[in-house]
Amino acid sequence: MCRLAAYLGTEIPLENIIARPRHSLLVQSLDAQEAKLRVNGDGFGIAWYGHLPEPGLFKDVLPAWADTNLRSICRLVRSPLFLAHVRAATTGATSRDNCHPFTYGSWSFMHNGGIGDFPLIRRDMELLIPDPYYGARRGTTDSELFFHLLLTNGLETDPLQALRISIAQVLELVDRHRATEKPVRLTCVFSEGTRIFAFRYSNDGQAPSLYRSDNLDHGGRAVASEPLEGQCARWKPLLENMLLEISAEGTIELPLLADGALADPAPGAAAVPVQERAAAGPA
Amino acid sequence: MCRLAAYLGTEIPLENIIARPRHSLLVQSLDAQEAKLRVNGDGFGIAWYGHLPEPGLFKDVLPAWADTNLRSICRLVRSPLFLAHVRAATTGATSRDNCHPFTYGSWSFMHNGGIGDFPLIRRDMELLIPDPYYGARRGTTDSELFFHLLLTNGLETDPLQALRISIAQVLELVDRHRATEKPVRLTCVFSEGTRIFAFRYSNDGQAPSLYRSDNLDHGGRAVASEPLEGQCARWKPLLENMLLEISAEGTIELPLLADGALADPAPGAAAVPVQERAAAGPA
Amino acid sequence: MCRLAAYLGTEIPLENIIARPRHSLLVQSLDAQEAKLRVNGDGFGIAWYGHLPEPGLFKDVLPAWADTNLRSICRLVRSPLFLAHVRAATTGATSRDNCHPFTYGSWSFMHNGGIGDFPLIRRDMELLIPDPYYGARRGTTDSELFFHLLLTNGLETDPLQALRISIAQVLELVDRHRATEKPVRLTCVFSEGTRIFAFRYSNDGQAPSLYRSDNLDHGGRAVASEPLEGQCARWKPLLENMLLEISAEGTIELPLLADGALADPAPGAAAVPVQERAAAGPA
Amino acid sequence: MCRLAAYLGTEIPLENIIARPRHSLLVQSLDAQEAKLRVNGDGFGIAWYGHLPEPGLFKDVLPAWADTNLRSICRLVRSPLFLAHVRAATTGATSRDNCHPFTYGSWSFMHNGGIGDFPLIRRDMELLIPDPYYGARRGTTDSELFFHLLLTNGLETDPLQALRISIAQVLELVDRHRATEKPVRLTCVFSEGTRIFAFRYSNDGQAPSLYRSDNLDHGGRAVASEPLEGQCARWKPLLENMLLEISAEGTIELPLLADGALADPAPGAAAVPVQERAAAGPA
């Protein structure tokens, strides 16, 4: 489990979200209140948007609370849109490559939760990813792979549809490999530099917590695993199965499931390895 | 605050103390029960004795629970005498140089607690250390400095007397600088390769916890911040103001305070900077 | 490119190979004489055998010459058989997971060179690895994958045959994907705890250098990228296409190529993804 | 020895100095041409000025060429004034605290060279630093201590005079302790956020190299250990014993030595420990 936060609004120093609030992400890294694991000390990461389409990326393996670089960067760097993540490694080594967020071109992505029994479906999940995205794989987490699956399924053109297909594919693989002992829990936040997307999905109704606030100082909007100022009226919990799309214009909530069901994995989408599909490549 | 453990007995893999017991040092690093801070994730260190007089030293800044090297070394390295420490940084950066144990020649030393208001007395404390020891200073902690003070006061020839003088000097400095807002708490464990010394001292009766066990499997002896197997008859709490000396022959308890009082800091020992003292140098 | 060394003989401190010789591996890390890159500062690793079948493993991302832990461990840890590696990252991030050696059960493996155009054949190479080995993949290097390919092809029962098949498979993939712009260069050293295997193979006659010495002090045997004492009679260069098998009994040289040719990739070995093969699993 | 660079001008991405030029600081870290040590892989650091008086500070222990965070920050962070440093540790451990630049309030400072036989004069040099500055000491380098000495001697009000006094004090200590076996070499660059100061001083005429350019693109000014574009007319070597003061208005060169001699260490400045001086405190 992990804790995360993201912000969109007027340009502010990163610390206004990550370090300064009473229950900031740094505080949550040492003392999470709504997570299975109270301590999130296995690395951290931030992705922030500036004068380039591609976000800046800063990740390290130290606990967020102890990293002097993080503190300095959060104080000096200002951004109108950024993502931040503190990690509690459930499996695998602590390495920069396994820290969130992950980036691809202008996209950044972070995840809280887990694709239960991931080792059982890892291979087939990898086969769904075409080479251009697969070649960008740096670490070994289920999170990064799910991000690449989203990209494969059209994240760059239709995030909602990409999500529907990707979740359906994961569920199909889980089902096929009877990898059902552990739940699939996906609380994800991602961006392409102008909007923040966020959703909670699980197959056991227990996706990690996520809250939103639409009226921070100066009109900023944010999501966070736990309210940054402690429980208060400014922060509202996100329901499961809703996709939040936050932009300068406002916040839209879209049902993640079309007509109560996930998208049909579509013409062979889930079952057929990428090699055998028509030479699609990334959209 | 920190958690620590040390072992003396037949040669065993380090993991038998550090990783395997139900409430091992690794478990304590993530979930200390008797410490002010539950999480001790700001680095760790081990010092172990082998075929050389000088101990091996392995320290790193990652949380102990996440370090793959530590796990491998604990499994493979066997030693008849070793010290281990997990750190919760109260002040200062997380760096290898600030991790315990510290070593000097054949001596190793680790500390749990703090010399309250250390910044106020740091300078004068440094002035008590002659150059040969002072030149060995690597980090910026009060702990390392207290170790060098012990060496200055004859640790290598008479540990008990060195302790008495050193504590008296610290108290004298605390008093002189009115650095009395925070307590002096010293729970220390150290060794020269054949014996383990351990004591708890504080000026407010609240030195960090320490337990001893004299009958581990195969006759091993150990001290630890918290009983390694959880509370049980094999582990007994250490009283304050007693110096424990553990050797192959057995365990001796010596009153830290002579006649209920600390050693007189001696002919000008505390107040006079080392430069002006007769050219003593290390014993 | 990288530099590496391995030792088999009476138990010695690791430093006798890694740090003490005039042209030790540490010296080579900063000033390699026979490598394309003079500086090998992108991490290091050691695997050593002790009282357990599985070797100890210690890797880190700092330059070997700067790592205080490495120096201490090399001084204190003694072993009758160990491998050591310093890395010059040609691609990819510096991470512990990408440092050599890699281990699997009692086997350890390290590589110097590169499978040219690896990105082009990575996917198909991965498909040759059955799940039990694939699940052990930690990093993203061609080296680790080649190790898993060796395991897949029976390293644990017949190293020579496993090598022949694996090299043939790699060449077949290189050919199939026309990934021929960069050469395939494999200078590898590996062990299961009683023997050291070493070979140089390339498809352009320029495999990275490797030397052997059969008469170190006390009868020890070693291989190293460059002679540890500088050029001298005690160190002899390894020819390409010979597999060296070093054991307590002596050193055997076997032609890597059967009858001047690599093993036939065998009944569909190279071309058929592992999924479609009879449910083989690891031998 | 180390390599360094600093920039003042219109706001540019840090990479324009650190990573992009043909002979950028990153290139110099791996292949310095005018330094005693070709490889500068023992950590790096950057200090940059933004919307706050205090600069941002980012330091790490990996070789600069291998650090993915550094590359990303250099690409995204823009600044009108920044300092950058790659380190070749001559003594002491590689740690973030020992990496340059060092900061104090709005000041940042970096150094290339060494105060020869530093261990011999360290203690007395420390005694010259009053508590407020001394308490800010994080590492154990001569460089950081010289920075604190500059602050002690009035860096914040009169940099030239502070330099003159500080160098004289160092020379006096070197003389007093007969610490003359190794030379004193100081090539330093520092800033308070609006100006860059730079000088070369040595007592053997061999201060590490430093070049200046006053007409980078868009009118930027810079100093660097080696010309960032290779030898060319845009870069001029700095003479020894001249203090360069670079501001938006232009560049001034001041003789470091008043009338060919350093400032008199002044009323007991060098010889008298700070404790015994009139309670001066920082200016």
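When the chains are written out, they are named A, B, C and D in that same order, and each has its own residue count from 1.
Criterion: a residue touches a chain if its C-beta (ideal position, glycine included) is under 8 Å from a C-beta of that chain, and two chains touch if they have at least 3 such contacts.
Model, not experiment: these values are computed from the prediction.
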- Label-sorted list of chains bordering both chain A and chain C is B, D
- Report which of A-D and B-D is connected by more C-beta pairs in contact. A-D
- Rounded Å distance between chain C and chain D, as computed from the means of their C-alpha atoms: 43
- Query: Counting in whole Å, what is the centre-to-centre distance of chain A and chain D, each centre being its mean C-alpha position?
  - Reply: 41
- Item | Gap in Å, rounded to a whole number, between the CA centres of chain D and chain B | 37
- Note on the structure: Touching at least 2 other chains, the residues of chain B are 68, 93, 96
- Item | Residues of chain D defined as touching chain B within the complex | 92-93, 95-97, 119, 122-123, 126, 131, 134-135, 137-140, 275
- Task: Using the touch definition up top, name the residues of chain D that touch chain A in the complex.
- Result: 13, 48, 50-52, 54-60, 68-69, 72-73, 75-78, 96
- In their complex, what parts of chain B are in touch with chain A? 30, 39, 41-42, 61-63, 66-68, 89, 93-94
